[in-house]
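Same chain, two partners: subunit A is paired with subunit B first, then with subunit C.
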Partner chain A sequence: MNLQLSGKLQAPERVKAGESFSVQLLLRHAMETGFISDAQGQRQPQNLIRKIEFFLDDTALLRLTPSSGLAANPYLQISLSIPRSGKLICRWQDEQGAQGELSQKISTT
Partner chain B sequence: MKRRLFCWAWLLPWAVSAQAPTEAWTQALRPELGLPKWPALKHWQTHPRLSHTGLRLEMEHIADNGNSVPLRLCCEALPAQEHLRQLHLISERNPRPEIFKLEFLQPLNTLDLSTRIRLAGTQNLIALAETNQGRVLWVSHHISVTDSACVEGA
Partner chain C sequence: MKYANYVFLLLCFLCLGQTRAEVRSGLSYASPDIQALQLDLFRNPGSLWLEEGKKLFSDCTACHQDMQKMRGVILRYPKLSTTSNQHTRQLQTLEARIWQCQSEHLQQKPWATESKELLAVTTYIAHASLGLPIERELSASEKPFWLAGKGLYFTRLGQLNLACTHCHDQLAGKRLLGQTISQGQSNGYPTYRLEWNGIGSLARRIRACFQGVRAEPPPADSAEMANLILYMQTRSSGLRVETPAVRR
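Entry: the complex of A and B
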């Protein structure tokens, strides 16, 4: 399975090099814990987002490894700083192979 | 007499369980006593450079719904040449204690992070931030959860 997960990435278009700015990420994902049963008593299989990574072009900036403790439809707001202009890319992948990517160009002054 | 006692004996287990609290009511941690002895904190328990300053965990003291509890984690600007390497958020009672691990792959000397987490009942949370200079900053927070996120797994 290789579904595109939907989400939204929000970051400023212009920032000062080396100064921190805020990035917001909202993903649509159930984050199935594997602990919940349906009305027939069948356990829903675990399906969590395994990792969420931020890159500036090819340079890795951050890696988040969540567990079942991260709420459904994960929301993340984090401060970042970048030394140069580039494309901020966010990639994520869940346990069933579904993955997604969002990006935004950021120029530094 | 013996016969009467025998008749009521089968009710004893029910009576005992009815008296027992249904949920262990955890107490807020006291930072001066150091990191608690949770198995999930074993790796940091004996760390020589634990520090209870610099990291801030902002969240409510009561949550109505454990399925989505907002929190904010901030770290004051670290001294020059020192930056964050990893951040861990550990829960006391969730079935999987580590809520998330955040790795900083480029030097970052401040932190401001907001997210939403699931909590399986009233408990303490501990955030730990490891720096490149070998220091571990930690902070704890006690939160009462009225409606647990995880009824079956907790």
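Entry: the complex of A and C
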């Protein structure tokens, strides 16, 4: 997998099983809407993050499908709950196929 | 002619004393939302550049092992370049110093002005001085550069025929095009601007001001720009480094 996109993920290291906790995500992306022209007057093709997914190890937790309403370098705060300890993985992908991945171990009590 | 310039500067200085009461960071003019965004270092989008800068700076650690020693470095720039010949000494911005390091010590092709790599590293180095107060002592050899920068600051330019001082000293706090005019302090640069959707250097912001008064902007790596940045540095005395600041 080609991981070209960068970002930051912040989640607590210890949570209670089944109780919701907050995950913060800050992604570096221009979120090109397709309406912007560059200095030469050329339209920049639309290129948005169209898929953000959260996994606990292999189990899918959440899928988001953002659109042009999200600003450049988007910040997201999401509530999640997990039933057991594991590795929280976040993967995202834009329309040109560039991908990013961040992960953090979380243990439940 | 020279004499007239000095008289003009003196007059400007006297006017300045009456119109500008206290030094205010651009942060104090920003909305509460933007202030909160800057102060939360996770949410602050400039932190994305810090992460990249940290990675790129790993090339520099052969000489600069101790990041603690980089604390305070941004406060000393622009400074005179280190050459043996007194007459060819130039005022060097942090960017120019990085280019020198790249070509002399790293055998790398210097990064372009305003490239994402250069912005990442300058942001990372400036951030190492976060919270330090700006106090700039000028040496005798720096003084002519400072005077040239100050002269530019007070020179009317462009079709609108305005100098920096007209907005940023005399009209700071008033409104222009739906926005509050700030004092134009340099303590948060490189800064994340929402308008740019990214980090930009002080030179980029100054060039935007030149375009705003419809004057021809000096190139980012020009001597004029370095002089002006040096003058602005002394103008920000007492403010603390905020890099990466967030502005609208």
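To be clear about the criterion, the second predicted complex is superposed on the first by the 106 of 109 C-alpha atoms of A that agree within 3 Å, B and C clash if a C-alpha of one lies under 4 Å from a C-alpha of the other, contacts with A are read in each partner's own complex, and residues count from 1 in each chain.
Keep in mind that, in the parts below, a contact is a pair of C-beta atoms (placed from the backbone, for glycine too) under 8 Å apart; a residue touches a chain by one contact, two chains touch by 3 or more.
For clarity, every value in this text was computed on a predicted model and none was experimentally measured.
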item: Partner contacting more residues of subunit A (subunit B vs subunit C); value: B
item: Contacts of A:28 with subunit B and subunit C, given as first, second, both or neither; value: second
item: First (subunit B), second (subunit C), both or neither touched by A:10; value: second
item: Which superposed partner A:81 touches (first subunit B, second subunit C, both, neither); value: first
item: First (subunit B), second (subunit C), both or neither touched by A:107; value: neither
item: Subunit B versus subunit C as contact partner of A:62, first or second or both or neither; value: first
item: Contacts of A:70 with subunit B and subunit C, given as first, second, both or neither; value: first
item: Subunit B/subunit C common contact set on subunit A; value: 71-72, 75
item: Residue ranges of subunit A touching subunit B (in the complex, touch as defined); value: 20, 22, 33-37, 59-72, 74-81
item: Subunit A partner contacts - residues on subunit B that touch it in the complex; value: 67-69, 89, 91, 94-96, 98-106, 108, 110-119, 150, 152-153
item: Touching residues on subunit A, where the partner in the complex is subunit C; value: 6-8, 10, 24, 26, 28, 30-31, 71-73, 75
item: Contacting residues of subunit C [partner subunit A, same complex]; value: 42-43, 45, 47-48, 51-52, 197-198
